[in-house]
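For clarity, chains are labelled A, B and C in written order, and residue numbers in each chain start from 1.
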Amino acid sequence: MNYIINRLKKETNNNENIIIRKKSILFKKIYIIYNETITSSDSISNYIIRSLNNIYIPTYNHILDRISNFKYKELTTYEDISYYLNSGFTIILFNNNKYIALETRKNLSRGITTPTTENAPRGALDSFTENIENNIGLIKRRIKSNNLWIKNYQLGKYTKTSVSLLYINSIAKKEIIDTVDKLLNKINIDGIIATGTIRNLIEKENKNNFPNTMSAEKPYTAVKYLLQGNVVILADNDPFALIMPTNINDYFISEEDDFNKSINVTLTRIIRYLTFFITLLTPGVYIALTTYNQEIIPTELLISIAAQRENVPFSTFVEALLMMISFDILRESDLKIPSFASSAISIVGALILGEAAVSAGIVSPIMIIVIAITSVSSLTFVEPEFINALRLYRLLFMIGGALFGMHGILLVFIYMIIKLSSYDFLGVPYLTPFSPPITANLKDSIYKAPTRKIDRRNPQLSNNIIKNKTGGPYEE
Amino acid sequence: MKKISYLELSSIFLVILITFNSGINLFLIKNTSGIDSWLSIIIGYIIGLIFLLLTIYISNYHKELNLFEKNKHLFKDFIGTIINIIISIIFFIIAITLLYNISSFINTQFLYHTPILITMSLLIILSIYCATKEINIIAHISLLLMAINIIMFILCNISLIGNIKIDNLLPFLKTNYLNIIISSLKIACINTLPILIILIIPKEKITNQNKYQKSLIITYIIGTLISLIITLTTISILGIYLTNMYEYAEYMVLKKVKLFGFLERVENIISMKWITETYIYLTLIIYSLTKNIKKKNKNTDNCISIIIGIVLVITTNYVFKNITIFNNFIKNIFIYIIAILFIIYILITTKIIFTKKE
Amino acid sequence: MKSKTLLLIVIILLLTGCYDHKELNKIAILTATEINKNNDEFIINAEVVNPQSPDKTTYIQAPFIIYTGKGKTISEAYRQIKLSSSRYLYPDHLSILIINEKIAKEDITEIFDFYLRNPSVRTEFNVLIGKNEDILSLTTPIDKLSSSSILESIKTNNQYQGITNLVTLDDMSIMYLNPHKEIILPSIKIENDNKDSDNIKNTEDTKIDSTYKLSNLAVFKGNKLQGYLTDDESITYNLITNNVKNSIITYECDKNKYLTAEIITSSSKIKPKNNEINIDINISTVINESNCNIELNNAKTIKQLEKELSSYLKEKTEKNINNIRKKYNSDIFGFLDEIYKHDYKTYQKVKNNWYNQEFKNIKININSQINIIGKGNIMEGNNEKN
């Protein structure tokens, strides 16, 4: 007992936050140890001290029996003691090398709030918080089945972050779970403070710069993918769940689609896919058209573009690059800046990058339009990683267009397709519903079939394919 | 082992069937069969049905082996290797032809001042990059690109309907019958004999094996239709005299396309179809040649592909100094080289029949 | 490793790229060309757009510039322009080619080769015969560029009058290459050419002195210009070859009183049969103006009028065709082509002495049918006071 207290004091350098209180029950000494920064002194004094005051037989079993704390752990080793002490438990030390840890955690996380990164006009408004138990609870609230299985891990040498792997046992494929399990067990790192670290550790990070795991802030999204057979990873202290494996089509699906009729959703999806290509191709194609394939532009438009470019000293490529970079700077600063200053940024952006640059003759007005449509289109996607990935390929398209015109664009396009389709994560090829074609998923891609008819899961994700047996048209 | 869906297989098959429509088919036959070229296309593809059936027959022998392994299995090591080398050489020549055809097309039509070496190397680099991956990835890519191509093909043909003058196809059947037959033999040679290379994908790799036959046959019909439509629209829109005059008549037709009523002069974008088709074909050839040469060691695999690619570019540059040499080569030599594949077909089938009897 | 070597190769290639790169403010957009010939030398007037920045500058620049070049071949002449202008001459947007009468009278085929061979020139531009020189330098008020002004006026004229015709280089080469057809081209000239015509001042008055006049169709035989059709003959030609979209027929319904019918749709078909050529013309018209005493409410009179109009059209067409046959002896209608396509047996018979004998003498039957489908807003056709 003394050994433990001494070691603890030594290891923590006599940290004053660790309170060691001696108490004697019928001449037998017990120690109560807790860390005051993460424990709630209320519950210690209310439950532990008060219960102990009423206990007169100082045996381990008796105390365990009489203590009014609901959650406790029986410990035997020093490592356990130090872990539980650091996670907000109160430790009671007995003389006979038996120790109890009682949960007295202080509530350090905020309550459940509305999501800040995923906006949807309809749908539930709760979002994950920093507390992993709350998060699992939010998911469990939606899946009231014993088949929601959870595997727990403690990752990080110092942080000892609790990480949970969630899946629905009867839906998810065993191979995927096993692989993820193996990959998670292999992680050996100083600390995990974000789910992003986990993701980067278990995939080949730069093989494909498009994201293949989705980070979801809403329990809604997590549950939706769990039901499809995907796997969800939650980490303590991170309000974002990781959904894996995903394919490219998943980034075009938004929550509101579930609330609308399929024909309207189809039209929206077409717009989304269109914006994908617009944001990828517009600057590149513009460069290709104005510096190589001028014959495609109608004569009148060509003359007016030529007139606008008359006084611009840079080549079109440099011009586009300048504007792209300045837009990215704007976006970057807009993300970082507190909201009270953001109007200043928008004024600077609109005035200086728009008006002034044109009248100073640095860029042509048409270039402003090109960059505006490109950047507005890129903002239709929720996942920031996806937008960033698009930026890389946009740059490649610009280079291709600047070197070989439309031919260069085509070559970069082929390169992009090779790159995307040669990547597969956890057995799901990235371009999944399109190539290889999977009918079950094609029904929910550019074209969305009526919900009644989306009756199958993706066989790459699940062996239990049928998901909807409603069937047939509605009859009275 | 990653499997390939039957749709992806058909897309690769379609590439083999229609790639030569980009500048070579019509060039070969327009002078001999003239206005009735479309008839020779039909007859040619009907003759080609024989090879399709033979291919399906061969594919059923030892489903787990690819073409080259099959040959070695059938003919024992020595003769099998010789046959494999002959097949490889023929496909190498096809690759050279395709490469020069497409890069000279690109150079004469949109990149006038760019050296042909650069155009070639860019395509070949992408091909090598793709060929070093697995066949299922080539299949993914070909499905995607062909889907885009077919959509583009349908769109531009719809917009061309207004320009078609059926009168230009008259008088009907006034050319010499012998000429039509000769042209159709040429068509059959060029477009349908090389489908042998589809056997590089063993039948066992297909997810839905019972659809193998059906999908190949349907694709064959689609390929025939596409070739027919290309020939018909070219001759009926340009007229036989202009068709005969232009180097790339099929491309000149695309200049008349007006997509959605306002997108004019988009022939450079539409003709991307030619490039993507040739690209997939080249990739397939490089992949199969690599498969033939390859040892078990995976690392040397990539090296082989790269070497094949470089040799391809160098030979193409060395053999074809200008387009006239190339045109003469196609007219006088190329067809006979491809015709050797016919003998190989017969050899393989007879050998299979005999081994089955034993 | 593999990817790194590939990357290296790609980078090397990229560094050597940019061969065909041409910035928009480094090119001169060629929109029209006029070709003339003088002592075995081609003289080329090239209209190049002078792009004006959209902000309102006070001084007016000419919207286009005419460069002139000379050379033994057309490309040599273009090269000379490149030397004199500060920019690369970009020919892809060429929309008008005016060939001077002089060349047309000698040999029009000389200009073919350059335009068909050169891949950077599109073959969809319109070809015209220029009756004067320096046609392109005229400035016009509504359309800033003379090329678009000419193009639009041909289109409008073709659509509403049916006298001229749009002929692209492709069409012209088809007409030339086809052994059974002859070339026909629209022509243009400047009327009242005065001092200011090539100045921006020409656009400042409300009543413009010098303008374009789209002249009639030029008839070729072989590679030589034979002459020009009259207005009437031009309409007949366009009617027969299905080129009329919207034109008018003016018919003398009473003495010195006229009636005008507007052609809404027209279709015609040439049907060769047993050494004869039948031409069916079907026209739907709307009465535009009627100054005669005709009761247009009466079904009988309408029928009568239709009959009269049909026979009038038939007569006119017959007369015009015979005139053309006699004057030029040039098969611009493509009768032989039709015979070749639809009646191969007759073709074998006639092809050898088509121009010597057959073309002049072949019997042409015209079968015209005019339907009146409307008569406008007025109920009665006559004035009741008289």
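Just so we're on the same page, contacts are C-beta pairs under 8 Å (C-beta built on N, C-alpha and C of every residue); 3 or more make two chains touch, one makes a residue touch a chain.
Fair warning: this is a prediction, and the values are worked out from it, not measured in the lab.
Using the average of C-alpha coordinates as each chain's centre, A ends up farthest from subunit C.
Relative to the centroid of all protein Cα atoms, the closest per-chain Cα centroid is that of B. The centroid of the Cα atoms in subunit B and the matching centroid in subunit C are 42 Å apart. One simple way to say how far apart two chains are is to compare their mean CA positions; for subunit A and subunit B this gives 45 Å.
Distance between subunit A and subunit C, defined via averaged C-alpha coordinates, is recorded as 65 Å. Under the contact definition stated at the top, the residues of subunit B that touch 2 or more other chains are 110-111, 114, 122, 129, 265. Under the contact definition stated at the top, the residues of subunit C that touch 2 or more other chains are 17, 20, 122. Contact of a single residue of subunit A with at least two other chains is seen at positions 292, 295, 404-405. Taken in their complex, subunit B has these residues touching subunit A: 4-5, 7-8, 106, 110-111, 114, 119, 122-123, 126, 129-130, 133, 136-137, 139-141, 143-145, 147, 264-266, 268-269, 272, 275-276, 279.
The part of subunit B that touches subunit C in the complex is made up of residues 108-115, 118, 121-122, 125, 128-129, 132, 167, 170-171, 174, 238-239, 241-242, 245, 252, 255-256, 265, 302, 306. Remark: subunit A residues 290-292, 294-295, 299-300, 302-312, 315-316, 365, 399, 402-405 touch subunit C in the complex.
Of all the residues in subunit C, the ones that touch subunit B in their complex are 2, 5-6, 9-10, 13, 16-17, 19-20, 116, 119-120, 122-124, 170, 173-174, 177-178, 340-342, 344, 347. Residues of subunit C touching subunit A in their complex: 14, 17-18, 20-25, 27, 29, 31, 49, 51-54, 90, 92-93, 95, 122, 148.
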